[in-house]
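Got some structures for you, see below.
Shared between the two complexes below is chain A, which has chain B as its partner in the first and chain C in the second.
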Partner chain A sequence: MSVSYQPVIWNRTKIIYDAVLIVAIVAYVLIFLKLGPMLSPAMAETNPPILRMRAFGSLALILLTVVLAIGPLARLDVRFMPLLYNRRHFGVMTAIVAATHAWYVLAWYFAFSPTPQLLALFTSNTSFAQVSGFPFELFGVFALTILAVLAATSHDFWLSFLSPAIWKAIHMSVYAAYAAVVLHVALGALADGRNAALGVFLFASLGTLCALHLIAGRRERAADKAGSPEVDRTGWIDIGDVSEIAENRAIIGAAPGGERIAVFRSKGKLSAISNVCSHQNGPVGEGKVVLGLVTCPWHGYQYRLEDGCSPPPFKERIRKYRVALSGTRVLVDPEPLPLGTRLEPLAIPEDTLAAPAAPSGG
Partner chain B sequence: MQRRHRRAHAAIWTLLAIVLPVALAVIFLSYPRLSRDAPAIRLDEPGKTAAGQS
Partner chain C sequence: MLKPPERGFFVGYFKKVPADIRRLMLVFIATFIGTFAAAAFVLALDTDSPGSGSFAGPPPEGEITGTIDLLPYPVLRVAASPGSPARAIMLAGTGKFGVSDRAEKLKGKSVVVGGFFVKRGDLEMLLVGGKMKAEDEQPADLPVPQAPEDLGRWRLTGEICDGKCAAGAMRPGTGLAHKACANLCISGGVPPVFVSTAPVEGRSFFLMASADGGPMPAWLLNKTAIPVVLEGRVERRDDLLVFKVDGQAKDGGT
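For the complex of A and B:
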């Protein structure tokens, strides 16, 4: 979150995240190039430039698999949430590794091409009519192009310039890139039938990612369907019991249209705000109140409880909702207030307050 | 907004979970194989194709 756009706003967490990532990448490449030939006779017989392109190619597949698994894992288990924090650096790193693989391919296979290397890449194999021998390189080029565009537009400047909805839509093309990578590997690196480890990893990657995304999606659908019950045809919805809300935490309900609403409890008062973060639609209600500000668990954007606005000089805003208590039941008017509307948090009466809050999750 | 995004997400992954395994099956079944009466001693390594180089 920043007022002006800086290339990267570094902090300790980001530095540690990136350092771990870089060390893991270097370790993988070194193990592949140094240990691989010692352990596998087939790798020992392979030319070093080919080994290098395989090291970076397989690493790109691994990184892409991990980066695509982070989202659903964080939805299924909050312990994976820290991985989300700097996921875009992970994505940029994946694009760099994939580009290195492509660079080695061009430098080796097309080094002595009479035509320019890129032209040769597109014209040397035109067996489009057959599956085996299909120019699999094109799938790689397609995937790399998408990864490069996503890396280039990963900065918050583009998020704000394009609007979160359009930015998110563009960034969903990473799934097309993944599909292209799967086909690129299956038609290319696996075609000689000698790379069993890569074959096993490809199937494991595809199976795991499909299962994770479908399970996480199913959970979300169930939550959408459950919705929050309407109270006596007043239009207001019953979100839950005040005792379910831990101090500085929220419970989340769903409006009839499916929009999720978070009700926070802080210092004996209740505030209802949209569960959708204005940054990247993160689940604000899964965050907590830090120093009086609701803090999104994904990247730490903050909002004031009374009006849903980020504190100055920031300009982000999310919607506020009216909240009421009926006994110990928390009711919310699912009709959002205009952005920026100030509504003082609702004080919980003394006798209701006596009921203990749910234990805080930390 | 969040709901539309979730729906698009579910549709994409359902599609990938169907299309990619089928595509992989087709690809693996169409890899060249030696015919049954191919000579036992060969100069080329079995199954090695130009496509398998990278």
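For the complex of A and C:
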């Protein structure tokens, strides 16, 4: 969290994250461009600019596959959460690698011509009515444009300027970029029938991403669909048993068709807040109370238990909900309180408190 | 209801990393870098040979003398000499440029041309360097090239390429990835060639022309770099075969 905008607020995790990413990218490029021609006569006979565009193009596809896998992986196993922490650097790096690929293509296939490069890119192949020979480059242009916009707006300034909802919607277009990349590769390199390994990788990438998203999505949808049972006809919902809540952790419920609600237990008291972080819609309820503040597991944004506001000088806010106990059952009014409303955490009665809490996760 | 997480809690700005997350991340980092290295290796080695085409150096004498055929694309007709049959050499310029404009001014003259050959099998093209000019002393009688020999009507299966890249100026210089480049070359005046899957009179490469002997029809730009079946007449000019396309086979090609 920061009250002022800086290009990058570095910390040890981000440095390690970027270092690993750069090592993997450099290893890929060096093996492809330096070791490959030493081992393969066919590569040695191929023009170096064409090798470079192949190296950076295939690398961009791999990076995009990994970056899209991070979200569902982190949903399926919270131990993958560190991958999500600095995902925007991953995305920016992907955009740079894709742009490098495009630059080599422009400087080779579309250069040395009486037609200017960019004009040639859009006019040299107009076989729109056929699959084989379709100007697949245009799918690459579309994907690169999206990746460039996402990279340019990946900073928190844009998140704040555009609002989290709009920013999130824009960044969901990365899936359109991926679809365009799949078409770009399928109608280009694969249709040529000369790249069996790339074909295998493309379909493996597509299959893996579809499977991960379907599994994670199915789990989330099932949780939302089940909702939390309504108590009598009061409208309040039963989130669970107080003994299920580990100290400084939460359980998460949902009103049917409504927003998810997290009920935290800390120092013998219960507090209900929105499960949706105001930063990037992270799952606050999967976070932890750290130094008395609810801490989102995605990027560490923090909120006070009593009013859902970030401590000064920060200005983020999430909704608070009324919470009550019926015996050991935790009940929540799914009607949110106005943002910033102060509501003291509910003390757990001594006799209920005596019941053991769920084991803490760390 | 979603169960609360039971694992260690970590946010990027924390100094301590829970043991279970540290273990998984170490395994992930090793797998991540290893996978990238392995993928580079596999994808790099999955490269087809671009074929035998390559730059073949300048003419043995440094330059060649002959006369120019302007259509369908500039071709240098070199008269036979003792021990050397007559030749018809396709001409292209630097980059994705043809030499039609320069050749136009040299029509009906004895011409001296220098440059570099690109050659792939029986496909040969002279990339004109700086020198392409009329001989200082024009001979009284220009050699008369042999008249084209009609080899009949043919249906040929193959691929339309730009002759320069296909001959080895780019490696590879054929295929779908190269389609836009081929179109730019052909549009720029580089002679297009048809690479046939089966030879005609021992030749697999044909200079492409329209049915009336002019430049390749523009509609064929949609057919470059893909398998296609075309029909037309084939004629021989010295050692060069010209495919005068009049249509696409109705039952073949894409």
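By definition in this document, the second predicted complex is superposed on the first by the 357 of 362 C-alpha atoms of A that agree within 3 Å, B and C clash if a C-alpha of one lies under 4 Å from a C-alpha of the other, contacts with A are read in each partner's own complex, and residues count from 1 in each chain.
Everything below uses one rule, namely that a contact is a pair of C-beta atoms (placed from the backbone, for glycine too) under 8 Å apart; a residue touches a chain by one contact, two chains touch by 3 or more.
As the structure is a prediction and not an experimental result, all values here were calculated from the model.
Q: Specify the partner with more touching residues on chain A, choosing between chain B and chain C.
A: C
Q: For A:H213, decide between first (touching chain B), second (touching chain C), both and neither.
A: Only chain B is touched by A:H213; chain C is not.
Q: What is the contact status of A:S228 with respect to chain B (first) and chain C (second): first, second, both, or neither?
A: second
Q: By the touch definition at the top of the document, which applies to A:V149: first (chain B), second (chain C), both, or neither?
A: In the superposed model, A:V149 contacts neither chain B nor chain C.
Q: Let me test your reading of the model: by the given contact rule, A:P114 touches which partner, first (chain B), second (chain C), both or neither?
A: The answer is second: A:P114 touches chain C but not chain B.
Q: Determine, under the contact definition given at the top, whether A:I50 touches first (chain B), second (chain C), both, or neither.
A: In the superposition, A:I50 touches chain B and chain C alike.
Q: Look at A:L339 in the shared chain and tell me whether it touches chain B only, chain C only, both, or neither; answer first, second, both or neither.
A: Neither partner.
Q: According to the stated criteria, A:S132 is in contact with first (chain B), second (chain C), both, or neither; which is it?
A: Touch partners of A:S132: chain B and chain C.
Q: A:G188 contacts which: chain B (first), chain C (second), both, neither?
A: A:G188 sits against chain B and chain C alike.
Q: Which chain A residues lie in the overlap of the chain B contact set and the chain C contact set?
A: Residues common to the chain A contacts of chain C and of chain B are 50, 54, 109, 130, 132-133, 136-137, 187-189, 191-192, 194, 260, listed in rising order.
Q: What does chain A use to touch chain C in their complex?
A: Residue list for chain A touching chain C: 11-14, 20, 23-25, 27-33, 35-36, 39-43, 45-47, 50-51, 54-55, 58-59, 62, 66, 77-83, 85-86, 108-115, 120-121, 124-127, 129-130, 132-133, 135-137, 187-189, 191-192, 194-198, 201, 223, 226, 228, 239-240, 244-246, 249-254, 260, 285-288, 290, 295-297, 299-300, 358-359, 361-362.
Q: Over in the complex, which chain A residues touch chain B? Could you list them?
A: 50, 53-54, 57, 105, 109, 130-134, 136-137, 165, 168, 172, 175, 178-179, 182-183, 186-194, 202-203, 206, 209-210, 213-214, 217-218, 220-221, 224, 257-260, 275-276, 281
Q: Enumerate the contact residues on chain B facing chain A in the complex.
A: So the residues of chain B in touch with chain A come to 1-3, 5-6, 8-10, 12-14, 16-17, 19-21, 23-24, 26-28, 30-32, 46-54.
Q: Can you name the residues of chain C that touch chain A in the complex?
A: On the chain C side, the touching residues are 1-15, 17-18, 20-21, 24-25, 28-29, 32-33, 36-37, 39-50, 94-97, 170-172, 175-181, 183-185, 187-188, 221-227, 254.
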